[in-house]
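In the two complexes that follow, subunit A is the common piece, with subunit B as its partner first and subunit C second.
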Partner chain A sequence: MTNIWFDVAEVSVGQHWYWQLGGYSLHGQVLITSWIVVAVIGVICLLGTQNLQPVSGGSAATAPKGLQNLTEYITEFIRDLAKTQIGEEDYLKWVPFLGTIFLFIFVSNWSGALIPWRILELPNGELAAPTNDINTTVALALLTSIAYFYAGISKKGLGYFKRYISPAAFLLPINILEDLTKPLSLSFRLFGNILADELVVGVLVSLVPLVVPIPIMLLGLFTSAIQALVFATLAGAYIGESVEDHH
Partner chain B sequence: MQALAQARPAAAFTAARQAARRPVVCAVQAPKAAQKLPAMVKPAALTALANVIASLPAHAETGKIFDFNLTMPVMAGEFLLLMVFLDKFWFGPVGATLDARDAELRAKLALVKDNGSAVAQLQAEAERLISEARAAAQKQVAEAKAAVAAECAKELAEAKAKVDAELAKALATFQAEKDAAMKGLGSQVESLSADILGRVLPEGVRV
Partner chain C sequence: MLLSTSFLLAGHFGFNTNLLETNVLNLAVVLAIVLTYVGDALRGLLANRKQSILTNFREADQRATEAQNKLREAQLELEQAQAKAQKIREQANVTIEQEKKQFIRQTQEDIKRLGTLQQETLKFEQQKAQNELAEKLVKLALQQVREKLNQRLTSSIHSAVNNFQIVLFTNSKAS
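Moving on, here comes the complex of A and B:
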């Protein structure tokens, strides 16, 4: 006997397609979509950076064409973001990290919103954006924590830890707490937004399959882009905070 | 969902069936008990059926949203690999291209600024040439004016001298004529006065 309520509303939350690797389990559906996302970014990268035109002579014949404009635009965008968050002095070496964060989250989120993953049936769970899984967002958030610790310590040495007792020593517990809340808020913000968006769209589609979900889907596209920007900006801000000079 | 149900372990099915049996029995018995009260049969039966369905198990086991496992380190590794790849093939080369273009544009701008100073130099030179030419022209005009004036003065002097000479000559002639006339007049006066005296005085009186 099966439950017909669940046949009508096809929304599955927290269902995973478990793979086993050396006694540990993996979420197969997350890995599959993340590979697709990485492949998409890689293809854009390779297509957009082959035969780079430096525009010498300033003539239209040597101007950048096609995807080079996209890669240049994104690079400049990330550089600007890094420059405003980290500062003129140190920003350049953090561009790859922030750029990868932005691109990975952005393409992940939009893949969840644009690619009809649901038509591919899995043994359990369903394909969705990789950022729909808490493991992905926590991995990104922890990498961000490691990044800003590395940035601070590599610039100031052990003097970095002075920030825990500034501006006053009694703030030590709060300053330590901050290091815990930063990855927590980063990961839960992204995870919650993407999961909620997919759930809302899923429920609406199961209730009214036509037209009505479209505004929510468009809103979802917007939210997805904003979340990628927010994550990259906050990561930059955290790194900038740990490399800034206290006088 | 059908696929999900098939993939589920058979044990869960049997457990679910046992759990579901009790409400089903109740639902089957409910219409019999309500035969005496036909008006209440329909809502009661519907409620019972809904309860029965709701008490059935879901297809899949309870979802695990916060299910941390090996996926997390694997995703972190994937991300780091992607970062290295993008650094090598995207942000590195494209950044170098942007920097090169920036440097080129800066060099061109600097060149244009130098051109500006050259233009200023040329302009100053042109102004100098123009003022020199103007001075030379003024000098020439002044010289020409002076020459003309000198010639005029010379001619004027010549004409004046000629006129003066003629005047002096005319005056001299006039004086000579006057003198001659005066001299003639004197002798005439003498003869006249003698004549008058001869007529007025009686004969024989000598002056």
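Moving on, here comes the complex of A and C:
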């Protein structure tokens, strides 16, 4: 009888399948799921854009349908998000970045919540959403930091650094601190949400294997979608903040 | 965290076929729910988008045809106006031609009239000059005759003249 309980009680954190690469230890399971996520996005993109149909003559037969309609809808959604966050003037060249961030996080989160990764057993650790690992989220957050620095400096030159002493010079320490807290909060928010969701589901599954985890899993789907949106929106807001004019 | 036994035993790839451990049943339910509800919502959204694209396209098409119709009407009106302008120009030309002819005719008549008037005036003046000349000549002749008569009139000459005159009269009567 005790064997069953040990079999069911299987929730662990911090177990990784390490790959060694030039003195670095890589989290192999994260890379595998990341590649799968990238492949999924790539395949959908290719399938959606392979046979593009322009609307002609107003006939229903030529309207965008299927995957083309879906990809166009997602593109419009991201473009609108970028426009509201960055502003009419500069938003267009940041649509690809925000789209990449949003789609990668969204597909990662949902893959963790929808794909039965545990069927496949690894030598150590287990497959899960890539955003379940702090390294992924930190990488995404640092990319966002680089992006908004680049956006501000490429637009204003060295004048970008005026924002550190505005509105008053004595706020300099706080303004510098802000640059550190932004990636920190971005990465920890995403990592914490996804990890917490998977842990809650894991614990519930180990306690009550059937039916009870389902509402929590649905809630997890909702929150993970929201987290993707929040990350992309905040990235857009930071970029918009650094390119806006203080005149 | 709760203790786990399986990953301690792991170290190789494999498939976990335990239905409860892999949470496959719950995932299947969740997947079904997602496919049903989220799929429905997504399909609705996409259909809406398609419809709105089509409506926008049709409206744009309609506006284009309307604009073309208006353009055609305007072109028609332009042509009519041009035709009218042409007609008016031709009429004006005809009127101008007519007036020109009339003027020429009138002028010619005037010239003719003036010519005759000039002829008449010339004739009149000539006559007047002739008359004056004749009068002067007669006067002069009579004066000379009187002088001659006053100077050299004797009875013999008087009678000779008388006779001569008588002969002239008789001759003129006979002839």
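Following the convention adopted for this analysis, the second predicted complex is superposed on the first by the 239 of 247 C-alpha atoms of A that agree within 3 Å, B and C clash if a C-alpha of one lies under 4 Å from a C-alpha of the other, contacts with A are read in each partner's own complex, and residues count from 1 in each chain.
Here is the rule we use: contacts are C-beta pairs under 8 Å (C-beta built on N, C-alpha and C of every residue); 3 or more make two chains touch, one makes a residue touch a chain.
Quantities reported herein were computed from a predicted structural model and do not represent experimental measurements.
Trainee: Considering only the touch criterion stated at the top, classify A:I194 as touching first (subunit B), second (subunit C), both, or neither.
Mentor: Neither partner.
Trainee: Quick one: classify A:A235 as touching subunit B (first), subunit C (second), both or neither.
Mentor: neither
Trainee: Check the residue A:I86 against both partner chains and state whether it touches subunit B (first), subunit C (second), both, or neither.
Mentor: In the superposition, A:I86 touches no partner, neither subunit B nor subunit C.
Trainee: Pick one for A:V205: touches subunit B only (first), subunit C only (second), both, or neither.
Mentor: Touch status of A:V205: second partner only.
Trainee: Taking the superposition on A as described, I'd like to know which of subunit B and subunit C A:P213 touches: first, second, both or neither.
Mentor: A:P213 sits against subunit C, while subunit B stays out of touch.
Trainee: According to the stated criteria, A:H27 is in contact with first (subunit B), second (subunit C), both, or neither; which is it?
Mentor: first
Trainee: After the superposition on A, what does A:E121 contact: first (subunit B), second (subunit C), both or neither?
Mentor: In the superposition, A:E121 touches subunit B and subunit C alike.
Trainee: According to the contact criterion defined above, which of subunit B and subunit C contacts more residues of subunit A?
Mentor: Touching more residues of subunit A than the other partner does is B.
Trainee: Touch test for A:A141: subunit B only (first), subunit C only (second), both, or neither?
Mentor: neither
Trainee: Just to be sure I read the superposition right, which of the two partners does A:L70 touch: subunit B = first, subunit C = second, or both, or neither?
Mentor: So A:L70 only meets subunit C here.
Trainee: From the superposed pair, tell me which subunit A residues show up as contacts to subunit B and also as contacts to subunit C.
Mentor: 6-7, 10, 12-13, 15, 55, 58, 72, 121-124
Trainee: Under the touch definition given earlier, write down the residues of subunit C that touch subunit A in their complex.
Mentor: Touch residues, subunit C against subunit A: 1-7, 10-18, 20-27, 29-31, 33-34, 42, 45-46, 49-50, 53-54, 57-58, 61.
Trainee: Which positions of subunit A touch subunit B when the two form their complex?
Mentor: It comes out as residues 1-7, 10, 12-16, 21, 24-27, 30-31, 34, 38, 41-42, 45-46, 48-49, 52-56, 58, 68, 71-72, 75-76, 78-79, 92, 95-97, 99-100, 103-104, 121-124, 130, 133-136, 138-140, 142-143, 195.
Trainee: Over in the complex, which subunit B residues touch subunit A? Could you list them?
Mentor: Touching subunit A: residues 1, 3-5, 7, 16-17, 20, 53-54, 56-60, 62-76, 78-80, 82-83, 85-87, 89-95, 97-98, 100-101, 104, 108 of subunit B.
Trainee: Give the list of subunit A residues in touch with subunit C in this complex.
Mentor: Spelled out, the residues of subunit A in touch with subunit C are 6-13, 15, 55, 57-58, 60, 63-65, 69-70, 72-73, 113-116, 118-126, 201, 203, 205-206, 209-211, 213-214, 217-218, 221.
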